[in-house]
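Two complexes follow with chain A in common, the first pairing it with chain B and the second with chain C.
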Partner chain A sequence: MSTVLDLHSHSEASEDSRAPLEAYLNWLKLRRAERPVDGIVLTEHRQFNRDADYRALEDKFGVMVLKASEVETDYGHILVFGVTDEMTRRFDFANVRLRAQELIDEVARMGGVAIPCHPGRPNVGLCEHYATKPPLENVVAVEVLNGGSRKGEDERSEELVARYGYGAIGGSDSHLVSLIGLCATRFDADVRSMEDLVRELKNGVYEPVDFRPRRKPVPHAVAVQSK
Partner chain B sequence: MAVNYDPAIIGRVFETTDPVVVQAEDIRKFNQTIGDTNPRHNDPEADGGMVAPPSFAVTFRNGRHFFEHVPRFGKAGFDAGKDVEFVAPIRPGDAITLKSHVKEIYEKTGRSGSMVFVVIRSTLTNQNGQVVAHVDHRFMNRP
Partner chain C sequence: MRYEDVNIGDALGPSEMYLSKDQVRTYAKAMGMLAPRFTDDELARKEGLPGMITPGNMSLAILGKLVTDWIGESGARMTRLGVTYRQPVLPDHTIALNGFVTHKNDADRSVEMDIWIESDEAERLVIGTATVQFPA
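And then the complex of A and B:
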């Protein structure tokens, strides 16, 4: 049985989002046909809310909710899955100057996985940093599909994956209710917990999936012949 | 470059404004600018009495000396939005006082580079000592 998860989303716990979690889940419940997402991962900016308990909302809407974090480093933004108390003691998640290589290695040692997100984005993506610094080691995957990408950003991410052989994930990066689940990741395996997710990201089979509606092509202008 | 400021500034109240008496005409002018035609917000004879629309809370200003105490980061910046928590209605005749403090200072990085945000929380209180709203003013600075 496969599992589809939106691996990158922000609720109102992030300072730049106004989306309540309940509204996200209701939206997904109402749009299951067009966005067949089994669950979402809340990746709040520069923080991890260890004590938040979303089980009642999961039961109410039938959508799984997992917790992770998006932190900021000298190589751009990175999603941290499998956050533990040891990690939050080791790293100040609010620090926007974390060292990416140290984070990736230490998170892996502590049982999690750190995945650079929106690598094609200027300033906060891996591609721009790779132009001036050596590539990071031990990168398991990067976020190739990001719901907030502008033109060309996802394409740059695909080139990065092709060049370095990274795994590829997708996430909506939603800060607004209507954007949740637009990009996601399909896992071959059944993923029911953060432990499952970390295991599958490290060793499983997965691919990014895109549920964004296709734009209709702009009709070509018809030349009117003058008589 | 890390952002440097005295952490003691967080939470410190620098200034309380003089009361501003709300006039029905002020509320009506505000409604005209935002296109609010709700009779409850415009008609003093409305059932339950006229009340200001919720967003009227953002029209109250901090005292002119307040920002002298707020740290600046870099040369450029702009208003990055407001969050308003509505507690009680504001009515014509209310005398509103603002008490403001620096709620939060934080950094983030984005497409356009590094940013420092300063969040100023203003608590609006009426003549009865009742809190009517909390307004978080968010300002972005480019270090």
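And then the complex of A and C:
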């Protein structure tokens, strides 16, 4: 049985999102036909809420909720899956200048996995940093599909994957309720917990999936000059 | 439209709007926003921009109008509007205005909605949320 997870989302716990978790789950329930997502991972900016318990909401809406974090490094933003107390003691997640190589290696040693997100995005993505610095080692995968990508960003991410042989994931990077689940990752295996997810990201079979509607560009209208 | 008639998932728009350079210049001048990036292509390019851009307040106002048009004569009122500017809104292009009702709060008869401006290449340029309060 395969599992589809949106691996990148922000609830109102992130300072730039106003999306309540309950509204996310209700939206996925309403839009299940067009966004068949089994679960989401909350990747709040620069923080990890160890004590949050979402079981009641999971049961109410039938959507799995896992917790991770999006941190900021000298190579751009990185999603950290499988966060432990040891990790939050070792790294100050609020620090916006974490060292990416150290983070990737240490998170792996502590049983998690760190995955660079939106690598094709200017300033906060891996591609731009690779133009001036040596490539990172021990990168398992990068986020190739990001729901907030601008024109060309996902394509740059695909080129990065082709060049370095990284695995590829997808996530909505949703900050608005209605954008949840637009991009996700399909795993061949059954994923029911963070332990399952970390195991599959390291050794499993997965691919990014795109549920964004194919919209026609708006036709260019005729200018009406104001008087 | 009454509060009871509103459903989660209801759409605002999509509606299209051609944003002319004259409209943007007129708005900028009326608001006292005289920076050349809002009025002159060549001078805007000297600042590293692709050409003159729409003032953020104008984008905010356009999204506000999307919400107030949706409210219509219902007697409801917009009590909050917040946006994030992701990319410049370039005049001399057609933009699309979109939104969805995402949450209803029966306790205070308020409705939450997502709203955004999309470019003619379907990129989300400005995204935000609004709250609308319906009368008892």
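Details
Definition applied: the second predicted complex is superposed on the first by the 216 of 227 C-alpha atoms of A that agree within 3 Å, B and C clash if a C-alpha of one lies under 4 Å from a C-alpha of the other, contacts with A are read in each partner's own complex, and residues count from 1 in each chain.
The rule is short, and it goes like this: a residue touches a chain if its C-beta (ideal position, glycine included) is under 8 Å from a C-beta of that chain, and two chains touch if they have at least 3 such contacts.
Being a predicted model, the structure only gives us computed values, none of them experimental.
When both complexes are overlaid on chain A, the residue A:W27 reaches chain C alone and has no touch with chain B. Of the two partners, chain B and chain C, it is C that touches more residues of chain A.
Look at A:Y54: by the touch rule set out above, it reaches neither chain B nor chain C. In the superposed model, A:V124 lies in contact with chain B only, and not with chain C. In the superposition on chain A, A:E72 contacts chain B only, with no contact to chain C. Legend: residue contacts after superposition of the two complexes on their common chain; A:R46 is shown touching chain B, with no touch to chain C. Looking at the shared chain after the overlay, A:V96 reaches chain B, while chain C stays out of its contact range.
Comparing the two complexes, residues 16 of chain A contact chain B in one case and chain C in the other.
By the touch rule above, chain A contacts chain C in their complex via residues 16, 18-20, 23, 26-27, 30-31, 148, 150-151, 175-179, 215-226. Those residues of chain B lying in contact with chain A across their complex are 2, 106-114, 117. Of all the residues in chain A, the ones that touch chain B in their complex are 15-16, 45-46, 72, 76-77, 94, 96-97, 121-124. The touching residues of chain C, when paired with chain A in their complex, are 8-9, 16, 18, 20, 22-23, 26, 82, 84, 86-87, 92-96, 100, 102-103, 112, 114, 116, 118-124, 127, 129.
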